[in-house]
Amino acid sequence: MEVYLDIVASGVLTGLVYGLMALGLSVIFGVVRVVNFAHGELTVAAMYMAWVMAGSLGADPLLTLPVIAAALFAVGYLLQRHLVERFIGRPEHEQFMLLLAVSIIILNGLLLVYGPDARHVQVEYAYDSFELGPMLLDTVRVYAAGAAVALALGLYLFFRFTDLGTAIRACADNLLGAQVVGLDVRRLYALTFGIGCAVVGASGTLMVLMRDATPQLAVQLTLLAFIVVIIGGLGSMAGALVGGVLIGVSEALAGFLLTPSLKSLFSYGLLILVLLLRPEGLMGKRT
Amino acid sequence: MKARALLGVLFALLLIAPAAIGAYPLAVLILILHYAYLGIAWNVMMGFAGILSLGHALYVGLGAYVAAALYASFGLPALLGAVPAAVVATLAGLGIGALGFRFRVNGVYFALLTIAFAEFTRILFDHMGWTGGSSGFFLPVEHGHTNLIALRGPPILFYYVALGMTAAAFVASHALMRTRLGYAWLAIREDADSAAASGVDVFRARMAAVAVSSALTSLGGVFYAFYYNNMYPEQIFSMARSIEIILAPIIGGLGTLFGPVLGSFVLTLLGEGTTSLLEHFGLAAPGAKQVIYGLALLVIVMVRPAGLWPWLARRLGVGRDG
Amino acid sequence: MADVLLAARGLSKSFRGLKAVNDVSFVVNKGEVLALIGPNGAGKTTCFNLLAGAMPPDHGAVILEGRDITGFRADQACRAGIGRTFQVVKPFAGLSVLDNVAVGALNAAKHVGEAKERARAVLDLLDLGHKVDEPASSLTLPDRKRLEVARALATGPKLLLLDEVMAGLRPTECDRLVEILAGLNRRDGLTILLIEHVMRAVMKLAQRIVVLHHGEKIAEGAPEAVVRDPAVLDCYLGEAEL
Amino acid sequence: MTDRLRPSRRTLIQGAAAAGLAAALPLRARAQAPALKIGVILPRSGYLAPAGQSCQRGVDIAPQVLSDLGHRVEVVSVDFESNVDLARTQAEKLIADGAQVLVGAFDSGGTSAIAQVCEQKAVPLVINVAAAPQITEQGFKYVFRNFPTSVMLVRNGLALMKEMFKATNVTPKSGIFIHANDTFGQANRQAIDRLFPTLDMPFKLTDAIAYDPRAQDLSVEVAKCKASGADFVIVTTRAGDAIRLIREMVKQRYEPKGIVSPGSPGMYDQEFYDGLGGYSDYTITNLPWPNFNAPITKRLGDAFAKRFPQNRFGVDAFNVGFTFEAMLVAADASKRAGSRDPRAIAEALRSTDIADHVMTGGTISFDAKGQNNNIGSATVQNLKKTPTVVLPREAATAKPVFPMPGWRGRQA
């Protein structure tokens, strides 16, 4: 029985980390309605930033997180302003091609500069675990999961209670209306893309504590983030976490009870079911 | 008329090309034609009927595995094995289509559904002992004899097979576009509600598009299996292959007949050309080629989002469908 | 009593508890032009959608020439003989004007060649004959409206449903379209059911009028009688006061 | 095993003679001898990039070392980007550019694709690394593999485990096999399923766990190992997943007596040491390894140190060693044939007999299928973040540490 407790606990933690990875994708799609196919690449770029800063400054990623989030905000803002903006409202395959090109450039740029080897950030607590009753909880994952919940909550509060957040939500809910009342939609979109990328930056920084950075990681991160947000509901902050936890726990149980190499089969199976039965996702708004 | 003349010249050039070029350009041409063919097949679904699939590697893989397994186990020649291969792939396509269309999964969501099914199948094949699982499936190499029916022989055989397939798919999609079904597809692509109000059975027409596209794509998979003689689920069902398939038609011009062919030429030559150039200047660091490739894609998408062919066709003064 | 072409019997449709159409019944006789009018939100377009199979009714039945076509899909309704236009025009933007109409014409034609012939004829009739090769996306709004009518007409309908095809047209354009439609009705005996706000078109075309308000039928009859009906005036005035 | 590792006297004399002969030749004559053109195809980008680049370092130092041994080679290297389609066209390109023999391609898929081309063009392919048994079972005539199949790897790997238990007088009770469910991992699985019962192993294998090497998280996998109660773990990893696996074991405080791989990549990569620090120690890989007692290995190591001061030869040794050897095999065949004609080289390759070479094992020679069956394995244990040969005794530079110390007290 204890084993199951351990498995489920680790599934929940892992799931929250998955949710963290997917939050940025969700923010951007929820408002700008563009699926960021370069999501994983941006995450990995943030991981490399954290690695570089840890190497040159000896800084703990938890400390450099705001800096990297800010840098990614700028990247996202510029990306939206100069590239994505003219593809708003265009066919999906064109948006896909655009972001695919961006992702190819980022991924191989990282390969070109840093080489293919996994890059690792060493922190003191990397191997620590908390003991909670009979359970062993991995310290780093607990931090990351906590950060995921905090970020999601922060985003929720931002969108709910600030003027800027309300304006952005207005764009998401009723674009025409937002334009009519004179909101600068282009700027708001750029800000949203920036915020989404800042979240990506934060999650990448936390990710580097758990996974070594390699360029090739990006593709898997993109796919995983998709699964999580589709299941949870594109555009919903809580949905990303719920989707993550669902995937995390189901993978953990499938991996333990069946064979681990089959566990992503369950993620895809879950994805298919949600797409068919509730395409707006578990926590998404029906359109 | 002009378009036909141009096509005729191109086809004639491709027919005599092997006599004039070496083995390496021939291999590159085979690759170009293979992806042009797959692009045409994908274009039936997306370009004509407006259904975005990002999981076409699924049909390549199914076609490859079915034909290869039948050949390896029962000696069934490739051309005969192509029939069950196409049947299996078509059934898979129809299954996904039926689910997706019945449950009204549209646009990006449908695309994600196709990815999910392709990945799902990849993992299944990774665990399927009969076809070697993730350690791959290998066909025996045979020496000396050329056999078109069994698709055994030297590269030049595969070249003409690829050329034949591409030309046939081109002509077939040209012909399809002039049928009732072709009109139905275009109408659905432009506006499904209007199409339905015009008497088009949207569900059936979409299913037909998926059937044609998946069947054609699976034949590309059969070609792949016998050309490479080995396949791994991780490679043949991979998302990367699905993406590769859709690049050529999008870059060439979605929904045009000649777009996939042009796109395949441009992209493959871009890749090979960049490699050669970088080598020439001693800059061939890993990743450099792909960065340039990505930049080129970016520029094309920014400048010609509708693809290169509509623009080129205007320049050449031929109809955009060419 | 004239032959009944279409009968709507007790049609109802709700959206999230809101009754858009509530127990509406009326008939369209063969060869007549019937107008469906009412203030915004009266349920006219929903009514069309129920007749043309865009959505199934919650209750009620649609009978075409004695045949129950309730719950038919849009394409089935079309093949059964109901041609419709959309209030917000939906041309096939990427196709040529001719191909737009040919898609509709294929419904009644044996092959593509015949459909194109037919499409040409219909386009000539609607004064679009000189624009057959232009892409539909390049048309002006009045031309798009006519294209929409042409596409619906080309399906060879027994009953043509026109949803505000006059809106946005200049008076001369409007009169011309009225003339064409009246001609079709008179010459070919085409039955037309139209939703229209432009009263001058309604008065010229319609032989009978049905008035909807809040999803319910509040009046029916000859145009001159209906426009003097106090209940009708009331509902329009009520709207004006808002 | 003993004999295989010691260079025989005959080869020493031969080597000396060759060197002497080379020195005796007038410079001009040597300069005029045309160089053998070797085309090398490796995955230097894409998902196999780390291994591909490691192999490439062997390619980069090979011409100089081979020249010192009296072989003149010209190398053309291409990257197939871990993409099988490109492997094929790049092979065609190399042959079109005049490559007389090809070397590659680290990955079995890419290697198979290249093999098709070589077979068509009658240009020999000498495989540096690729373990899928099918490659030499497909019926190729121009394909030569100086690398063990996964069956050979596992057989040697299991035998070395027994040898280690004997040497340390410690035998685990039960083992668990955990492997990446990729090409190599599944081939290993099949080999273990087949071989384990026949080899009279002193412990029982309780379970075999397949995992997705791309999985973001291996906590369940490790929990499952731990729950099985096994005190010995056999692993087949791909690369980065080895780091995740060990890290997870540390976090879950799972301390088996030993963690041993029967020849997979992962636990002797530089990134493994960088990523795990002290936790990388005592893990074991049983695989062919350079024989550091052989002069040619020293030569190779010196050249490596000079060319790549940033990298450690001791770490790249496996990839560099096999890649270099493949090139040596090609150059040797060309020399014996007295020709640079691909067909003549292929003929000569069939009668290859090289005793003085880099990796452990006997003379390099190929059977009728083009497979070298004389490749031995060594037990390579990570000690002080350095892969160290601990068995067989003749080649060992340290004693095996088994059971391995627990995680506590180590430093990342």
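The chains carry the letters A, B, C and D, assigned in the order they are written, with residues numbered from 1 in each.
In this text, a contact is a pair of C-beta atoms (placed from the backbone, for glycine too) under 8 Å apart; a residue touches a chain by one contact, two chains touch by 3 or more.
A quick note: this is a predicted structure, and the numbers were derived from the prediction, not measured.
Peer 1: Keeping to the contact definition above, tell me which chains border both chain A and chain D.
Peer 2: B
Peer 1: Count the C-beta pairs in contact for B-D and for B-C, then report the pair with the higher count.
Peer 2: Ranking B-D and B-C by C-beta contacts puts B-D first.
Peer 1: Which chain maximises the distance between its CA centroid and that of chain D?
Peer 2: Using the mean of the C-alpha atoms as each chain's centre, the farthest one from chain D is C.
Peer 1: Suppose every chain is reduced to the average of its Cα atoms; which one is closest to the average of all protein Cα atoms?
Peer 2: Checking distances from each chain centre to the full centroid gives B.
Peer 1: Would you mind pulling out the distance in Å between where the CA atoms of chain A average out and where those of chain C do?
Peer 2: That gives a centre separation of 49 Å.
Peer 1: Taking the mean of the CA coordinates per chain, how far is chain B from chain D in Å?
Peer 2: 37
Peer 1: What's the distance between the Cα centroids of chain B and chain C, rounded to whole Å?
Peer 2: 43
Peer 1: Just the number, please: Cα centre separation of chain A and chain B in whole Å.
Peer 2: 32
Peer 1: Chain C: which residues touch two or more other chains?
Peer 2: Nothing qualifies.
Peer 1: Provide the list of chain B residues touching at least two other chains, using ranges where the numbers run on.
Peer 2: Residue numbers touching two or more other chains: 123, 126-127, 240, 286-287, 289-290.
Peer 1: Spell out, as numbers or ranges, the residues of chain A touching 2 or more other chains.
Peer 2: Those would be 108, 111, 115-116, 215, 261, 264.
Peer 1: Looking only at which chains touch which, which shape fits best: line, ring, star, complete or other?
Peer 2: Topology of touching chains reads as other, fitting no named class.
Peer 1: For each chain, which other chains does it touch, given as pairs?
Peer 2: A-B, A-D, B-C, B-D
Peer 1: Help me check something: in the complex, which residues belonging to chain A touch chain B?
Peer 2: 35, 83, 86-87, 90, 92-94, 96-98, 100-105, 107-112, 115-116, 215, 219, 223, 226-227, 230, 261-262, 264-265, 268-269, 271-272, 275-277, 279
Peer 1: Write out the stretch or stretches of chain D touching chain B in their complex.
Peer 2: Going by the criterion above, the answer is residues 44-45, 49, 52-53, 78-79, 81, 83-85, 88-89, 92-93, 95-97, 108-109, 112-113, 115-117, 119-121, 132, 134-135, 137-141, 181-187, 190, 210, 212.
Peer 1: Which residues of chain A touch chain D in the complex?
Peer 2: Residues of chain A touching chain D: 3, 6-7, 10-11, 14, 17-18, 108, 111, 115-120, 122, 126-129, 136, 138, 211-212, 214-216, 220-221, 224, 248, 251-252, 255-256, 259-261, 263-264.
Peer 1: Which residues of chain B touch chain C in their complex?
Peer 2: 178-180, 183-184, 186-187, 189-191, 193-202, 255
Peer 1: What part of chain C is in contact with chain B in the complex they form?
Peer 2: Going through chain C, the ones touching chain B are 52-54, 73-76, 78-79, 83-84, 86, 90-95, 99, 102-104, 106-107, 111-112, 115, 151-152, 155.
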